[in-house]
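The following block contains the structure, expressed as structure tokens.
The first chain written gets the first letter, and so on, giving A, B, C and D; residue counts start at 1 in each chain.
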Amino acid sequence: MIDKTFASPDDALHDVADGATIMFGGFVSAGTPSNLILALQRRGTRDITGIANNIGLGDLLDVLCEKRQLAKFIATFAVRASGARKSLFEEQYARGEVALELVPQGTFVERIRAAGAGLGGVLTRVGLGTMVEEGKRTINIDGADYLLELPLRADFAFIKAYRADRMGNLAYRMAGRNFNPAMATAADVVIAEVEQIVEPGGIDPESVGTPGVYVDRVVRCDPVPVRWYG
Amino acid sequence: MAGLSRELIALRVARELREGMVVNLGIGLPTLVSSFLPPGAEILLQAEDGILGYGAISEQDFDPDLINAGGQPVTLLPGASFFDSAASFAMIRGGHVDVAVLGGLEVSERGDLANWYLPERGGGSIGGAMDLACGARRVIVAMTHTAREDRPRIRTRCAYPLTAPACVDLIITDLAVIEVRPEGLLLTEVAPGVDAAFVQARTEPELRLSPDLREMEL
Amino acid sequence: MIDKTFASPDDALHDVADGATIMFGGFVSAGTPSNLILALQRRGTRDITGIANNIGLGDLLDVLCEKRQLAKFIATFAVRASGARKSLFEEQYARGEVALELVPQGTFVERIRAAGAGLGGVLTRVGLGTMVEEGKRTINIDGADYLLELPLRADFAFIKAYRADRMGNLAYRMAGRNFNPAMATAADVVIAEVEQIVEPGGIDPESVGTPGVYVDRVVRCDPVPVRWYG
Amino acid sequence: MAGLSRELIALRVARELREGMVVNLGIGLPTLVSSFLPPGAEILLQAEDGILGYGAISEQDFDPDLINAGGQPVTLLPGASFFDSAASFAMIRGGHVDVAVLGGLEVSERGDLANWYLPERGGGSIGGAMDLACGARRVIVAMTHTAREDRPRIRTRCAYPLTAPACVDLIITDLAVIEVRPEGLLLTEVAPGVDAAFVQARTEPELRLSPDLREMEL
């Protein structure tokens, strides 16, 4: 019998080692694997390369800065142009203590999808003529230039879904999908935090957002309360 | 002081929107546009985090999984749908969003947009701005006409790092409505109490005046 | 009020002109827009470039060969290596009366997706070292070769879903999804045949397979009975 | 006549499958494998048309939307899921399918596979074969050992157009089980009533004999 369930977030993270590259699903408050992030903080793993859409915007990832667990972050939104408040990440970034690679959001998810889909790269016009094109190859097709964007993979993906079965099938809820389905395809070990676990068949086959083949570990957790990030 | 409030800029932007359009509203001022949509018209608001067809911002119930791209709680309209980020940006990049309303730090006379990075603060983030600027069929920039000390935001060339080159179609500010045309910038409307000379004095490149130049209807 | 419904398949095809490039969703019997295909046959449109996964395998597309409406077909499966039976398409292809471009199935859908997603192309190893690589650019990344596969678009996409609303939102049923969602993103005019039309909101927002933005015309039809293609 | 029936080839293929594996069965002989899966083991069958977790072929009710890649009606097992073709081939191409069982016209000694085009008939179709041959973690070819007139299908080089180069891991025929190793082909099992010399006589490249060479257990 296939059984991918784990008893606790801490158990599910048992082999996350220093230096790991970790993807985190979530968009601000939506679909964020908060319990896994808190377990990663407890675990104290260091020199992490983090990959997430955002950090320090109602996503709990900023807690990984409390003990300087992050060496690098790849994100689309991490440093605010307005200085109204500063996250720990922003402070550490300003002091040069953590590296940051900013990626346009559509390119970010497309690179992750490419890794999961076995593509060698994708061509996009997004970023042409901007700082984003620095260091990248340009491919010309019929007179039009495109940036060659390469796949983005990780050792681990921490994702959040609403419901799972023991086979790892996941169902999402509303805008909680976001980067979770793509990240589930692009990491060696995929760990999913969910609010409910049901028997196989308890998720309508039409409503499976991530088929179980992509998920290695499932852990049921009560959601961490989050406030409106306004 | 002359010029529209943020709310009136948003109202003027909303006048550009028609039934059936798919519209993405950027963070900040553009978000206000959702309060001024033409009543009864079915306009589909798209949020990068994977919603098509959201409605008003909800001040009461906060559901962490039902937010717009700015993290604000929203409501759903009948006919809404959810999808993941890959699908959301396929929609944006693939030209399926009719109008993106974006904030701006600077716009150049050929329609280059800079809106993501403030060098003097050493900070900024891209988010979905580059994808929207490249992918939306029509890009409207909504911003104040000038920065501090009346420094023009509409420039011959942008000094700030670009979001995308030659992407802006229409600029709507507290002072004016300006179209980006192949032959240059065309001033089509001025705010109440403002004239073309006042706008030109606060704009770096030369503006051509539309033969139909008129005061904004608000 | 947005209303994309049309009274009949024939009405929905009113502007399909000779020489049109048309995508057809469907995989053998699943999710095939049979009523739209029959309407296209009635319409008599000629010099069509057809794009579909398969032709002549329980998909009704073979009827377009009865009056030689097809000039070219782009497919993954169209000519059988075994000669047990022959479709009209196979006969016309053998006589050189219709052109055929064969594409690996994953590349086929990825090219369609790229067109819909605004990508300039994708890199894949599928087809390397085979007849499929002929005439294509090879891109080397870190010592590995990839084929550059270009986007595939059409003037029209004829697709099939189970349920629609007047705004064009579509819900699919089981393996009836297949190429329909990707094709819906990659054509100038997208026409959907459905079995049911409901009010907006009658499709759970979590279950919309193709958001209405992609669909131009919706027509309700009773499904054409199909037999097991065995 | 020596050699296994198609059903026994399928049975021997099924012995390669373990609980939890994701397996794609090609059209034709490989489809038969679904009848011989180890009882009680949860093996997930993937069909290109967008199903993970289908079960037996259904002879009774035909639902046109519930078919395998060969167009045959199938049943669903608990824990199944549906997805579109882009997702299906992302799964295949991205290395998420553990085993693909494919038919073969020819396999070369370095594991090249030809299985889609018959030059003498001027016909053939690719379907999902190239994606599966490139993308699956392990490729098992199930075929008869020889074509008509005892012409070997296992060749020094394939004469037929390739499906993919160097993609085959294991060959299971009516006569033998042969591993494709970096150093060449390794004969590990022979069918009941058949010996290594019999197999070699019907195989173009030289076979190395496994020190554990044994008769197939069926």
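Operating definition for what follows: a residue touches a chain if its C-beta (ideal position, glycine included) is under 8 Å from a C-beta of that chain, and two chains touch if they have at least 3 such contacts.
Values in this document were obtained by computation on a predicted structure and should not be read as measured data.
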For subunit A and subunit D, chains touching each: C
Intersection of contact partners for subunit A and subunit B: C
Chain pair showing more contacts of the two, C-D and B-C: C-D
Separation of mean Cα positions, subunit D and subunit B [Å, integer]: 55
Centre-to-centre distance between subunit C and subunit A (centres being mean Cα positions), rounded to whole Å: 33
Distance from subunit D to subunit C - Cα centre to Cα centre, in angstrom: 28
Inter-chain centre distance, subunit B versus subunit C - centres from mean C-alpha coordinates, in Å: 36
Per-residue multi-chain contacts in subunit C, two or more chains: 110, 113, 117-119, 124-125, 172-174, 205-206
Overlap residues in subunit D, where contacts from two or more other chains coincide: 82-83, 89, 92-93, 134-135
Sites on subunit B touched by subunit C in the complex: 19-20, 22, 42, 44, 46, 52-53, 76, 78-83, 89-97, 134-135
Residues of subunit C defined as touching subunit D within the complex: 27-32, 53-54, 57-58, 75-81, 83, 90, 94, 102-107, 109-110, 113, 124-132, 172-182, 209, 223, 226-230
Subunit B to subunit A touching residues, read off their complex: 47-51, 62-67, 69, 71-73, 82-86, 88-90, 92-93, 105, 112, 116-118, 121-131, 134-135, 161-165
Of all residues in subunit A, those that touch subunit C in their complex: 110, 114, 117-125, 139, 141, 144, 146, 148, 150, 172-174, 205-207
Parts of subunit A lying in touch with subunit D, wherever the complex brings them together: 1-2, 113, 115-119, 165, 167, 169, 185, 199-201, 203, 205-206, 208, 211-214
